[in-house]
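Common to both upcoming complexes is subunit A, partnered first by subunit B, then by subunit C.
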Partner chain A sequence: MILYDYILSPSCYRVRLMAALLGAEMTSRPVDFHPGREHLSPEMLALNPAGTIPVLTDGSLTLRDSTAMLSYLAAGHDPEWLGEDTPAMRATVAQWLAFSQRLTSSAGAARAHDMLHGPGDIDVLRRAATLALRELEAAISAQRRRGMIFLAGPRPTIADIACFPHVALAPDGGLPLDPYPSIRLWMREIRALDGFIEMPGIHRLHELKPEPGPMPDIRQTRTTRDPKQNA
Partner chain B sequence: MQTDWTPVALSHDIPVASAAPGRIGDTALAIWRSASGRIAAWSDRCPHRGMRLSHGYVRGERLSCIYHGWSYGEDGGCKRIPAHPDLTPPESIRVPVFACREASGVVWVAEGQPAGAPPDLAGFRGLRSLHIAAATGAIAEVFGGDGPVLRVKLGPVAVIALVQAFGDETMLHLMAPESCDLATLDALSDAAEALRRNIEAEATA
Partner chain C sequence: MSVGAMKDQWYPVGLISGVTEEGRDSLLLGEPIRIFLDGGTPAVTGEGERPLPVELRYGHVWTCPGTPTRPLFDIPEADQLGRRLVDVGVCRVRCSPLRAVENFLDIAHFPFVHTDILGSEPHTEVTRYEVGIREDVDEVWATKVQFFQPQAAKSAEGGITTDYMYRVCAPTCSVLYKTSPPMPGEWDVIALFVQPLTETLCDVWPWMALYDDDASMTDLIHFQQLIFVQDRSVLENQLPALLPLDPGMEIPTRADLTSVAYRRWLKRNGFTYGAQLVAA
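Presenting the complex of A and B:
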């Protein structure tokens, strides 16, 4: 399984994160998206005529939509993540996957505008993103009233993983998350999941790391090193 | 109702061992709860490099900065600098601490030392905090009241609206009667969303 990948892309991170949470093995093939525009190279366009990343290949299968990749990984490794317990849960997951596309085209586009000189009217993008973030905040607060925090039920699903990256990185596009307490707590839960991995701008919960011990004494190492080894 | 206290957050939004951003007036706050449940509101700025402490992490009774791990105790004083583990940090390294109380499921903060206690909102519980892109005056106008604590009707339900200036904009902390069932709380949340849409439409008209 090969992921055509870009470290700063939230959509690529979706797939890396899902694979890490599932313990799925995947080879990352870096694409020089910026400044190299390698995603528009003839080789990449042959894989994905739309010129977007990520692209996931597994044998003869080529996937060009990151939420489809989440479904593929979950179905192959742990179908619990698909959230198919009931017809309502299954439809709710599908709805959040579609919603995640709204995040990509609003908060994601605002971030691409501010960080990578992407196109678009930044005010329009931020207004659309604010509406989406408010919708998410209201939905998570409703879940919390029911003793839950994840989007489609009592456990995380591909819906949470699809929405998480663009939300967590929204401040890069001039969209502070200060006004969204439920979103903040939802992100905390995702960042605390077993197997969680980071990307630039998104870190795991420091609280879960042990208190760092004293620094190793590097002077000791230097004085005992045999000078001949360096010769 | 007038009070020296400013409502800055709902208690249930700041669980044990977590930090959250807030504000009082023009000052950014790090509102955090220790492992033992103690709530505190500090200036949201690490004295070391100015990083927001609300991005930090709580271990035990200390809040640590995410940048270089400097950790601060209950009084705001620096207790530990990880890069200098043998150093006792000087007294002068200190985060400004604000008066902070919790009452009726609301976190209240004050500048200086207020005389009285925060308002008693017995019989109500926190529902949601909503950010509104309009000045507090616009909200007071809709509700027809004055001060940060407004007893108003939202649909058929008598609620308490806590109105907090948030820069040029507003944070509305909504309190619902404790007796409300889930369906009523959901309806109140929807009504608050509709109210925000109306207020913002008025403000930009």
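Presenting the complex of A and C:
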């Protein structure tokens, strides 16, 4: 399996993170996206006429959409991540995968504008990203009232991994996450998953390193809390 | 804010390889500039199409919005055979251009920001090093800097104690020299060229001259982009936004000697665009 990859791309990071969480083996083939614009080279356009990265190849299979890559990796390594317990859960996952495209074209484009001289009207991009972030905040907040935090149910799915990178990197595009407490708790849960890997701009949880002496178990605290106590 | 003595200094405004016929608009010390190809040669104009002096060196287009008081600084290693010259490309940061340089001069943050690459806990000690202003060339130099690094460069395998020298050769340009893992007797050259757009916004153009025959050019570019973008969010959150040149706002420690020398040198030369001069 070869991932045509760029270290600063949130969409490539989606796939790297999913593979790391699943323990899937993958070879990274770096693409000189910036400043070299190699994603628009004849070789890369032959692989993906849309001129986007990442691209994932596995034998004769070529995938050009990062959410399709998440599905492929999850189905092959641990189908629990697909979130197919019920028809409703399955549809919810599909809906968040589509939503993640809105994050790419708003928060992702704002970041590319602010960091790498990317194109676009920054005010329009930030307004669209803010609407998406508010929608996500409301949804996670509703999940928390049900005693959960992940987008499609009681455990993380490919929906969470699809949305996480562009949300976590939103401050790079001038979109601070201070107004979104539920989003920040959700990000913390994702960063605490076994096998989590970082990318530039997304740091690991230093505070979760082993400390001398007893440490409160934050997962324990979450799962044992009775949601009715808040009512 | 008056631009002062910084008006007469040299600044990078783009990659030579990235200049086009149609050109690109940018800013330099708050003044609108345009970078374009004029008969196949890169040219830069300021406000009212005022032509600005141009130098083509170290992969970048250089210009000066005023009257250059001295030639563009020399990096002799750029001409040494066997080195790979790496144009890393731009990264825009919402911070003072002086803060971008100051962060580059700091070693103590390596284990915490570039964890497991340029530093790692518990190897956090910055040992004693020497800092001075070389009067003959009017540059800040830090020498005999040593730091333990788990992966000092793309070509490094396993942890090594890396030797460093730092040099500030212009108000927004710094060059660091570090042990070259494949050529232990030589220094790898890593430069940070900063284009001050405004006092709180800059385009950073890292550039390198390395001994490394194995890594692909893309790998070398990505390694440096990885390192710099790890710094970016830290830089955008530093307060106050302007770099304080007077004591009181920030308390330096021994590890910050280079930063202290840099600030003194800026103040002495009147390089205050992006700086704050009020004592707390």
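Keep this in mind: the second predicted complex is superposed on the first by the 209 of 231 C-alpha atoms of A that agree within 3 Å, B and C clash if a C-alpha of one lies under 4 Å from a C-alpha of the other, contacts with A are read in each partner's own complex, and residues count from 1 in each chain.
Quick note on the criterion: a contact is a pair of C-beta atoms (placed from the backbone, for glycine too) under 8 Å apart; a residue touches a chain by one contact, two chains touch by 3 or more.
The structure displayed is predicted, hence computed values, not measured ones.
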**Q.** First, second, both or neither for A:Pro35, with subunit B first and subunit C second
**A.** second
Q: Tell me which partner A:Pro181 touches in the superposition: subunit B (first), subunit C (second), both or neither.
A: first
Q: For A:Leu205, select first, second, both or neither according to whether it touches subunit B, subunit C, the two together, or no partner.
A: first
(Q) Let me test your reading of the model: by the given contact rule, A:Arg90 touches which partner, first (subunit B), second (subunit C), both or neither? (A) neither
Q.
Looking at A:Arg146 after the superposition, I want to know if it touches subunit B, subunit C, both of them or none. Which is it: first, second, both, neither?
A. first
Q) Touch check for A:Ala138: first (subunit B), second (subunit C), both, or neither? A) first
Q.
In the overlaid three-chain picture, which partner chain does A:His117 touch, first (subunit B) or second (subunit C), both, or neither?
A. second
Q: Take the contacts of subunit A with subunit B and those with subunit C, and give the residues found in both.
A: 206
Q: Note which residues of subunit B are touching subunit A in the complex, please.
A: 9-10, 12-15, 17-18, 20-22, 56-59, 64, 66, 69, 82-83, 85, 128-131, 166, 171, 182, 185-186, 189, 193
Q) Where on subunit A does subunit B make contact in their complex? A) 134, 138, 141-142, 144-146, 178-182, 184-185, 188, 203, 205-207, 211-212, 214-215
**Q.** subunit C contact footprint on subunit A (complex, rising order)
**A.** 6-8, 30-32, 34-36, 38, 114-117, 171-172, 174, 200-201, 204, 206
Q | Residues of subunit C touching subunit A in the complex | A | 15, 17-18, 87-92, 94, 112, 115, 216-219, 221-222, 225-230, 232-233, 236
